[in-house]
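Structures incoming, each one as structure tokens.
Heads up, the next two complexes both have chain A, just with different partners, chain B and then chain C.
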Partner chain A sequence: MTLVQVIINGVLLGGVYALFAAGLNMIVGVMRVINLAHGELMMLGAYTTFMLFSLAHVNPLLSIPASAALMLILGMALQRLMVERVVRQPLLSSLLLTFGLSTLFLGVALNVWTGDQRSVSYLSGSLSVGGLQISVVRMVAFAVAVALTGATFLFLRCSTFGKTIRATAQHPDAAQACGIDVTRVRMVTFGIGSALAAAAGSLVSMMFTFNPEIGQAFLPKAFAVIVLGGLGSFVGALLGALVLGVSETVAGYFSSGQRAESVAFVILIVMLMIRPAGLFGTNE
Partner chain B sequence: MIDPPHAAPSVTEELSAVPESGSGSTAVARLPDNRALRAQQWNTLLPKTYVILLALTVIWIVVFPQVAPLYYVSLALVVLLTVVLGVSWNIISGYTGYISFGHAGFFGIGSYIGALLIAHNLTAWWLAAIVAGVGTALLALPMGALTLRLRGPYFAITMFGLSELARIIVSSWDSLTGGGAGLYLPFLEDRTSNFYAMGILAVVAISVAYLIATSGLGLKLMCIREDEVAAQTLGVNTTWYKIGAFALSAFFPGVAGAVYARQIGYIDPITVFGVIWSIRAVATTMFGGQGTIIGPILGGIVLTLASEWAWAENAFAYQIVFGGLIVLVVLFMPGGVMRLLELRGWIPRTRQL
Partner chain C sequence: MDEMHYAPTVRLCRRRFLHIAAAAASSLGLAACSSNPTPAPGPTTSAGAATAPGSSTPVVIGVAISTTGSNGDTGTYQQQGYQLWEEAVNAKGGLLGRPVKFLFYDDQSDPTTSSRLYEKLITQDSVDLVLGPYASNVTAAVAQVTERYHYPMIAVGAAATEIWQKGYKYVFGLASTTDLQYSTLIRDVIGPLKYSTVALIYEDSLFPISEINGAREYLKKLETKVVLDEKYPPKATDLSSVLTHVRDANPDVVLGGTYTPDSELIVRQAKELNVNPKLYAFTVGPGDPNFVANLGADADWITSPSIWEPVINTPGNAEFVQRYESRFNRSIDYHVATGYSGGMVLDAAVKEAGSLDRDKVRDALANIRLQTVLPGEYRVDQTGAQIGHVMMSIQIQNGKRVVVAPKNLATGTVMAPTPPWNER
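Now for the complex of A and B:
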């Protein structure tokens, strides 16, 4: 495997990271809630695809809308029933709440699906381009991820509801004074964020073997991406995701898969050290 | 402000609850008289109660392993372990308000230091445990110096990152730690000594927590929690106090990790660095009441027994129990059981509880 191929693999991986981080980015931006259960929402998306595939033989790509829709509903319900109650409280309340939710979902998933490794075998071949072997499923996943991230970006940028979301992110009180139903905006935002996580989960289920703990493995990656790219900046987050993906595969190429795992943590910690507080866009 | 509004007695309010001698104080006048008096009665009564409870606990620790079946002794060891985790987490997160998701890292580091010393027969096991605690606390110093500059959620997430990073370093350092394959310790016929060690550790941890909470040091830590800038303005060297409290809170899980490693006889990075140790510390303290002395003890006992019951029902149920409890506490019982009792008026606001 040449270095060029490793870098291409990293870019393809980065696309999925971008999609996963985009949802978290929206939630943090709009309601200043660092959703520690975001990884578990992704994990539930992965299992939705897995269940549909293994029980009903649904094409994994076609199951993406299903898993996104399910998590959209779950996310909106979570926000309405729980997160909304702590939005106006200090950040730590929501941090602990979502930490509890993450533990709860993980426990439930381990109960239902056990800790066994699962996989969805789909498009397992690879394409040969100019001497490089590129996995088909990774290319498809990259394309879908970039398309969904781009669609979300356009939705926020151009649609009226997207504008109300951005307004709420900028200044909730002013947004409310302008007649925006910020409670509803927060609910929909949490739903969309969860749906994006679920879509990323569905893609991940085709690329890797996974078990319920995959959400915990992916969450730090989303933090690293957001910290690299900057809060609320979609383009920045996309670049951050590509940087993370490539750094990980290159580290894995020169060292071991285990050390590659540490890349996200190193980026996260170093960035927070160099630019504390400013990175999530709030200064308390 | 980084501090949840529910966190335990506010410093100013408590100070004002102490009746002042001399010219008619406005501080006392603001409070109903009986409440101020009651708090004073409690404050004279509580130290004696604690001494008696301490003596009873010591007797229980000595006698219990002699009379109880083996299963209950090892269950009691886990209860003590959880109490140690909760009480020590409370020192940094409850009193100072810096919520850390990195307690698992300290537990894991202590486990490995202790296990390596014991496995290579370098020191007596009890000394290995103490070295593990000191070593973990020393490692916590630079970690604290780096991370405690960060506020609230950034600190919490960075600590989680450091804890995971420690796990990755340990599992990829094959030549020293045996990597992901883990580390075997000598087989033990009689594990009672581990129970005694954990018992002593719990008693020491609780005593230290009591001494901190009721001293000027505790006041300073709580000042940092209430308003760090104000504390600085009043001349509290917040940096040193935070780092000190952080290192102290890392000492106990370090020792506990070493004793735990000796108890189960085999450790690997995934087990001892598992997020579950952080969850245990957070959940027990939040349930009992953060920033209180009794809270984490109460939480440690109740939650360990509850999760043991759940474990018997189903292997993963304990995560549902812990996760569900954290959610319920944040939503409906902020401040935990102790705060609830306080609001009911059954216990007064005092740093002694």
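Now for the complex of A and C:
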């Protein structure tokens, strides 16, 4: 029974990892840019929700569209002004750029909000279902995360613009030759990726106590999720996130919390050794 | 804002003063002034010469402290404590009849930067005295510098036990070291409640480990049984497995070695998993002014060790709190009180020494006993570690921090057992 409980907790945690990793994965897929500032975009999303909640008492769930919209705009601006210049350049250029952005956002956030530990006090406690305790806030966060991840997946599958994004990811030159404005596609993709990070941040602000350094704690997990699920694969990232969440909590239950945290990296290393493309890497 | 204002003015004055001093020295043939750049070990006192030129020459106290970086907030509070003491001491006629002036630098929460800045304060700015930086890791680095130059330092912002295990002669503690954190809470709260089983859960890093090592010793004296002893990694995002272990062990007390984020995560997930010990205690977290805001009513019933509280009746405490809140327009926390008390101790030591001779000040710091705004008294042992300070215990009751131990400082009594989550 306890083990079932632990697995449920892992699945719920995995939902938020999935949402966060999905944005990062899209950006890598479309422009081969590893966005090291993705964690900071999430952090800005968390602070948007926190500010709206503490200053204007906006319901944290209703503030998700606001934080996503803000980061959509910021993401598109960043892409057009800076990231676009390093697309198809050596990997080091984009790493340096996004690392710089990450440091900049972190520094600004520490100045604006200080290092104080914040949180949004909302939906505490749990539901008791057949002897199992299911965290309300984590369940809601999981539902929102899965809904948003699913919506993005459908958008990429079914909408015309989604198809242009996938075309650009598969072959930018061919896409351009077919008349797709790849510059615009990249800009919008970066915006959507940032918005997904912000939505994850809004959910994180309800689940955890955070300060501007929260993004740094989440970024490595997103990399593990992407490597596990497969670069550019949306379904893979979702499954990868769930596997990561469950293995963290299960490892923590059977050994100690210390070892649980290393699970992400063990998975990462093992996957890179035996199946570098990830579980679903070849599909897309 | 104030520190930016402070540093350049003082530096300017300092430079001008050095020019004048140099000119005076060359024309009058004076060998030394208070700003002797090399330390003067032994009894040759430069301070006597410095007091003579005029009582308006300020006594300059050098401090590098974290006003930016990860400790930027707490470092700033400690600095505000220093500034408040500066104003208080100058209103009373200064130190040895001379005004006190601080020379502040920002170490950006970085130990290497801080030790470099203390080296600069001592060798280039030639400050008369120093006071400690913020945070133990920074203090540990700085102590090597101040020790080398024989500058006595009150380690205002440090609590790591290790600092006083290195044989330093010029480093003095102000508040209880980490291993003493749980002393009062275990003896005066858990003891009388006769709780017999404890789960220790703590972050796997230097401070929490040291706090829990101390707690284990105090628990032995009570013959309390430790039924779970589990570490978790820093920055953990899920402690449900740790709390499932706690629930399985079903202890009377959950004793945490925590920082703010993990203490709040424990509370959230303990509620979710319906973990119901009779008492919760966390080290860092409940003392954070944001703790109640972050957790709402779930913060109630939680206990914590405390270094200082605004409500206690130590001499001058109420007036100090009021002066701070009107001057800085925010609610006070203990970092201000330690900063202010550090100034008070230095004040007393200089009076005792009767001069700014740093070896005499050092001897005074090793021997004096005095009451600051902190509970207990200032008194150090052979190693310079603080032994007179008394840890307190607080409990959050209806969103307010109430001092529940020791008895002479208590503003209320401990409420226990904590009701189960579903009955709150």
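One rule holds in what follows: the second predicted complex is superposed on the first by the 265 of 284 C-alpha atoms of A that agree within 3 Å, B and C clash if a C-alpha of one lies under 4 Å from a C-alpha of the other, contacts with A are read in each partner's own complex, and residues count from 1 in each chain.
Definition applied: a contact is a pair of C-beta atoms (placed from the backbone, for glycine too) under 8 Å apart; a residue touches a chain by one contact, two chains touch by 3 or more.
Small disclaimer: the values here were computed from a predicted structure and weren't measured.
> Once chain A of both complexes is superposed, is A:185 in touch with chain B (first), chain C (second), both, or neither?
neither
> Where does A:86 make contact in the superposed view: on chain B (first), on chain C (second), on both, or on neither?
first
> Thinking of the overlay built on chain A, is A:272 touched by chain B (first), by chain C (second), by both, or by neither?
first
> Tell me which partner A:44 touches in the superposition: chain B (first), chain C (second), both or neither.
A:44 sits against neither chain B nor chain C.
> Now for A:252: first (chain B), second (chain C), both, or neither, which partner does it touch?
A:252 contacts chain C only, not chain B.
> Looking at A:237, would you say it contacts chain B, chain C, both, or neither? Reply first, second, both or neither.
neither
> Examine A:203 and indicate which partner it touches, taking first as chain B and second as chain C; both and neither are also allowed.
So A:203 meets neither chain B nor chain C here.
> By the touch definition at the top of the document, which applies to A:125: first (chain B), second (chain C), both, or neither?
In the superposition, A:125 contacts chain C only.
> For A:140, decide between first (touching chain B), second (touching chain C), both and neither.
neither
> Indicate the residue numbers of chain A shared between its chain B interface and its chain C interface, in ascending order.
The answer is residues 110-111, 256, 258, 261 of chain A.
> Okay, in this complex, where on chain B does chain A touch?
So the residues of chain B touching chain A come out as 1-5, 99, 101, 146, 149-154, 156-158, 160-162, 164-165, 168-169, 171-172, 180, 275, 279, 282-283, 286, 314-327, 329-331, 334.
> In the complex of these two chains, what residues of chain A are touching chain C?
2, 5-6, 9-10, 13, 54, 110-111, 114-119, 121, 124-126, 128, 133-138, 207-211, 213, 217-218, 248-250, 252-253, 256-258, 260-261
> Which stretch or stretches of chain C touch chain A in the complex?
For this pair, the touching residues of chain C are 68-73, 204, 230-233, 235-242, 244-245, 248, 260-261, 264-265, 268-269, 271-274, 288, 290, 293-296, 298, 421.
> State the interface residues of chain A toward chain B in the complex, per the touch definition above.
Touch residues, chain A against chain B: 34, 82, 85-86, 89-93, 95-97, 99-108, 110-111, 216, 220, 223, 256, 258-259, 261-262, 265-266, 268-269, 272-273, 276-277, 279-280, 284.
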